[in-house]
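Notes to accompany the following structure.
Going by the order they are written in, the chains are A, B and C; count residues from 1 in each one.
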């Protein structure tokens, strides 16, 4: 082992993991924004194109998760508990999965018209991903605990709002949508969207776990 | 830092977390009992009123979870692993979410008549929450390991029973309910109820994890 | 405490947990193979018989999980983190639950004819369980990290494929199945199957967590 690799082994702990987490956070924001464009677009071709890009970004997210796992295997010293790094990488991956899942279902079920509830939950997904990204940047120093706490509150509040919108939208479908198969399609997409905000809350739980141990 | 707050920092470890966990346990029992009244009531107005009270208690539960997280941030010494306290608070919160979820769906979907399966699973939810509460009281001393083990067995058995009731009820719906939309409504409510017993099993997993490390 | 039990307390760490994990792994392979026979059988009586055997094996799995928990309570020294042993036992149990769940739903919903998608996802469940079993054997020494990593990749890839098959099959159901209740039945079974591969991925996450700490 040369001096260089010896040094790289003991390199200040934030040079390896944080850039990957930041990229994962940016990737989520991009995916959420594309989903937002998708649910606000009336052009089937554009929607199909956006779904493909979201798919590509989901795979980019997979590769970031994999890189974080590889770094965990190579690095003895980590900025916080190995378990938390592992849980954080996986929970970010889950958010990406559900954003892509919502887009994929819209595409596969050929849901050419979107609903108000879909657009509203997507706005909440965008907001949650932005808050997740804010915390990912703060993890480097853990100095601004208040900022992290506020982001966690917003992520939790977005999840609550999404849950309400989901439930009311499904209740409305039950009242007005007489075609059961159509009803199931819309319910499935709304459910994937609502679950994306749930998964952001899981990310926020990992943030809390990291804070509890390190701040 | 005055002497008082210094002492409060090193106060015997069970004065801060256990009262909060006990309250969370009592809150779950109360919510489960209200759901039991709701599924046994034929009066739409009473049902609507009960849903509101369950909603209030769910928010009280949220605030207890938040207090436990705050105490975790303030206390260096905890009665058991910080991760387990964190996981316990979150899993209790999840149980509350699904009890409220079931009530909310009954209300939103305007399910004026309840079924035998709904009443049976609700009885199992009540039983599980009572067992969860028993263990929460035992955590203080961890002396009566047998009592905890028995409660865990009952929680697991309740989950198995709820799962069977759920599956048979859904099979029956598939056979006799010809209105697909109605079928979905009942299936959703039963699923939320069954998931409440699943979440009690998650609580029981945290109990086991605590036992494994401390008993 | 006699000399014998004293020695058994400090017995080389792999004599107690590994045989149980290996049995749990073999049990999963057997369950997956029986599900494979079930979805490839056209004989309702054989299908019903296979469901019963899968049920028995699911209960055998429960008892193995319970034995692992008991060993955790009795043994101070464990081959890897108590939390990981706990999580591994529970996640293997979850896979068994969903394999049995799929068989039970086919039985309860009286789905006499199976579909190509059901058979394909079941093949992936078999493959995932075989990979899980390979890693369970490797955990004893943790020497062949490459073999574990490759199994993890295969489990993840199987989950991705199952997810695609599930989504396409549901999209097809939405297009061609005009009976909403029938559609829900098939969707439920496919979903239980797809979730079995998800739970294998959770097992693989525990493998990664063990590797991260021990390899």
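Here is the rule we use: a contact is a pair of C-beta atoms (placed from the backbone, for glycine too) under 8 Å apart; a residue touches a chain by one contact, two chains touch by 3 or more.
It should be emphasised that the depicted structure is a prediction, and the values quoted were computed from it without experimental measurement.
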Graph class of chain-chain contacts, one of line, ring, star, complete, other: complete
Chain C against chain A, contact positions shared by both copies (same if over half, else different): different
Angular offset of chain B relative to chain C [C-alpha, multiple of 5 degrees]: 120
Whole-Å separation of chain centres (CA-atom averages), chain A against chain C: 27
Interface hub residues of chain C, defined as touching at least two other chains: 180, 184
Chain A - residues contacting chain C, complex: 69, 72-73, 82-83, 86, 90, 104-105, 108-109, 180-181, 184-185, 188
Touching residues (chain side chain B, partner chain C) in the complex: 167-168, 170-171, 174, 177-178, 180, 183-184, 187, 205, 208-209, 211-213, 215
